[in-house]
């Protein structure tokens, strides 16, 4: 596990410095809702990263990326996760990163030319439109949005929300029922929908934890009012929507979890640094309080455990494929999300009133990363599914 | 404990309906940062509440209040706490409620005329200015703000933050060191400072959990740059700042804790209602999931426990005074704050993605009431102080 | 809640002293498995308690008891619970106490004469035989033991275990299916079975947490091999077995929970006393460690909460009956059992290696009271049933 | 981490089968306190293991062991830990295993001949005598036992307890103060004391969790009443007692933690097997309850995390030495002990009443492995020490 190659070590070190020096200073713009200057400055940082060859770490070299393995990109993702803005600068942010993978794997040459290439170059953004307000996200096969064939088109009707980064996106990948009478997991397809087509309506950016956000940092509610797109916008075979989503699952999970670990490490650093600096009485730093020491020790243990579990899962995917690693991929979802929440809670508490403010990123993570236990399947669903698989082996 | 008088029962029932019908519908204005219409509509509700005699529940009748006991107001406070805006409408919101109590107890006739009476009438607002960014709130005797006598004035110099509702307040009650060489708890005084005086500068409303808020719903950072006020603005004797603050502690704790319990009850209602309505598969409501049932049962037990503890403390204060009840007053602080956090966490999780949005008040409480474990002394400080008292009895 | 009458206060004070001076010194006999001298000395203490009028606190005066209310006996039960042997000395130990209540309520004059009176006088002991090894205790209606009528007799066949105190008991009250085709809750009856009848076989005292125990302090596994008893041994109407058991539930729960609180208080005292006495370095008592202080504060809060909840349930039963209080009766089961486990865990840990030994009663409680979360319905069953009732109200 | 060599894989498989087929069937003898037949049968199994070359896995081949690395023996230790008796059969049980390591590293040729060789052959047993009842185990430098030079002898006076397996041991390694005025960590020495010498008195086997045990399965309280041994019994240099103990720490920690993980895995297997077999209602296995599923998922995640952490620490020790790995060695102590306690608690609860009995090994582990959070330094001490090291890096 500690076998990081010298090349990777150098990349990680470069990225770490970049994050520290170039990206973290921009965080206050996000925390203060100054989205326009933020986007302008992020573009400069993207250009700089691109010029340094630090671009698309997870994407194969033939597509202009760095071609890292899952484990290697996991390591990168942890470091990027230290900043609220890390992934965006290197063009490996959700949801674009996942959409790139889908297009690379399943896109036709035309789809790649039109949608993938500008995405890889960072010229456009995209979104993934799956979750519906009327149906539980915990049951992904229960979906109301429909795509009906008319002539050579699909006509899409439905209501989505939590389409992250829809605001300003050039296209959406939409999950819609195309085969309503097929088996449960073969009813939906993934279809590319340019956001400029008639009938695509971004109703609003949903207010999440008090913030509607803007652009990439937003969660769109979308009405698809009879949106018409050519059937050539279908990704992969009809009815393969879930199968394609499933493929992204393992690697996506690794990226997410490593990002969370990056958050944990930054919050841990902030907690420790504050504890040695802040005095509870003249000459008596907070760091001498045993309760703080307990939090430091418990956080350190939990973060280490989390990282080892995620890397172990990544190795297993790299070596044996996703199917072999499906228990591990389920386990890290709820385990790492739990660690994240506890570490953030302790870091916030250790900061006292300062922890409630937006002068550190802790409060931002505390409120927004609460979603870690919900999106991509709530903890409860993952616990149930992994437990059922395990228990069957004892039957 | 279940001995609520018929009169109180009727008051509680009236207030409950008022909160449900008149106040809760205004919550989206707060959640969407529409502060100006919010304030206008709140004023209407205040007028209505006042005309119904539901005004200043905690204030003696001779001052125009309802004259409830601590236990009775606790019960009222729970019901008001069900809404984000409950206390404000009945003019018993922090920090004004505490400032009223101080002025009633320690104000001179002139101070009462000038500051208390318009506050009671709801014509002005006030703030309490104690916490300092450079010093730990957990150690209230460590304070840098100074009030130095010059002629018949005090000249106040210092830096405060988390002066809740300073934005738009007419006056602040400021804690400042007047007797630097006195015993630790006799150094500070409470002094009335009109916010219009030269040198009083509201630097900003601190961004807390992503929101700067406005007016009553804000936390001000204030510079006192040589503010000059007459010495007649002193509250009580010089050096009595802590003693006066201490007096407010027990009753203030009861109000806070009962407000938290009101929040718990509303969140519990929202969780249960969502669980019976939301289906995880057609015909299978969320309420049938055992994990949800565990949360319901555990939350019910913890909320009941919390209420009994707070009422028990209130009875003890009413019957034997604050000193006798100081263990209980310490215990409820961290115990109820812990229950609050767990209940909100479960309610949010039970709502899934909806729980992250501002379409329910849960996300607001989740982020802002995180402060419950920090303000008024962090949990850790209360645990330590009550434990020390207990352990001494075994020595 | 703090309204203990002067009479009760005096009784409690007397009992407290009796427990401290007379009973606690016998505990090492139990902890060291010296059952014979233990039983002899307990008999002396029983005689003494009886002569002081401290006998059968929960039993009506016309039956020779003290005639306390549920709330009053709850207070007594807490104090008795401070010792491993408290309840036994005052003849209000499980399972005899419950059996007395059943016989008083449902026994015929002959049954009372034969079984109740010697039980009240402390001359004999009894057991309650319900749990079966082959069927889950969590589903009380699923039972294999049968009682079939033959002539004027019942012939009972079945296999029971955890028939506490069967070893040396004069009779058992046996739950057996008499009406196999009736509605689920009307199939079983309670039947008195003298242990001397042919076919009654105490297979063994089950080894529980390493100890088989002896006499009252044991859990019997019993075979009923065609045991024949007259039908006059039936308690109440045929098929009323569950209804009768149900009646005992509320009061039994109160007794148990208050006993657990007594255990908590004693463990808390031991923890605090050890913490002030034990030094971690010369001159630095354990009590100064913040972690210990956290445990003291958290334990104090939780024990107080637990007591208030149990007394609140007891008041409600006294005032409005069991049915009105059924939520509370469910809630205290798992809530108080949870507090008990946490308090014992902390007390043990605070004692270090000493906590693992039998030189304090903590290790005994740690291992044997682990059953508190299991017997009388596991936590999980109570959570589910109370949650279902609550959720129905939101449907 | 998953890089187990084919050779090791075969060894593990053989040992796993041996444990399952030969050792687990003996467990009831221990659980029922039938120590004499137990010891006889264990001797047969030892002979068999020895003849199969499965003997002393952790000991270098030149001393007759299998010569496994720390990581490899960790893997073995996990499998042995699945049974209460696993380590004993392969002669790698505490405390002998540690004593062997000390003798190999620091023993003179004479000491090796007299004490080490028969130990390696399994002909004798030994104990390690360090903990004192009057001094806190959490502070190892605070010790009262003294060894004073007289002529060519040491005269040892002191009081020890928790000298595991002293009952029947041929010699003890005793920690005693030899240099009272030296620096704190250089005061004590390790001295070999044959138990047959005058003045060595095994006062009793301490009753731990209700059991005094016998022979290897016991914890001795020992008085050293002026015990006289030649100075040639000193291990290593005088004053090096702590330094030598320190050396054993890392590897010993790995063994312990891997043994705990073996316990976790066995308890997990028992829980899952019970859950699929036990029905809560006809046709409805316990395994379908969501709460059980939560326990399965959480346990699986935590056990995996624990194993990865321990192996990671072992790799680091193997690769970089103990000093480099001292954070990891501290972290696994409390982290794995915590996992162990939670997994056992869930497994016990899942078994219901059966879990309280000695018909599975769960109750044994539940009570005796509670000590995991205490011996070898309580959790609290390890948290504090690792936190202090970490926090210093932020100063």
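Letters A, B, C and D mark the chains in the order given here, with residues in each chain numbered from 1 onward.
One rule holds in what follows: a residue touches a chain if its C-beta (ideal position, glycine included) is under 8 Å from a C-beta of that chain, and two chains touch if they have at least 3 such contacts.
Worth saying up front: this structure is predicted, and the values here are computed from it rather than measured.
Any chain that touches chain A and also touches chain D is listed here: B, C. When each chain is reduced to the average of its Cα atoms, A sits farthest from chain C. With each centre defined as the average position of its C-alpha atoms, the distance from chain B to chain C rounds to 44 Å.
Averaged Cα coordinates give chain A a centre that lies 53 Å from the centre of chain C. With centres taken as mean Cα positions, chain B sits 37 Å from chain A. The residues of chain C that reach two or more other chains are 289-291, 294, 380, listed in rising order.
Within the complex formed with chain A, the chain B residues making contact are 31-33, 131, 133, 136-139, 142, 161-162, 206-211, 278-282, 286, 289, 291, 348-349, 352-359, 363-364, 366-367, 370-371, 373-375, 378-380.
Those residues of chain D that touch chain A in the complex are listed here as 1-2, 269, 272-273, 275-276, 287, 290, 292-294, 296-298, 300-302, 304-306, 308-309, 312, 315-316, 319, 327-328, 330-332, 334-335, 380, 382-384, 386-388, 390-391, 393-395. Within the complex, the chain C residues that touch chain A are 289-291, 294.
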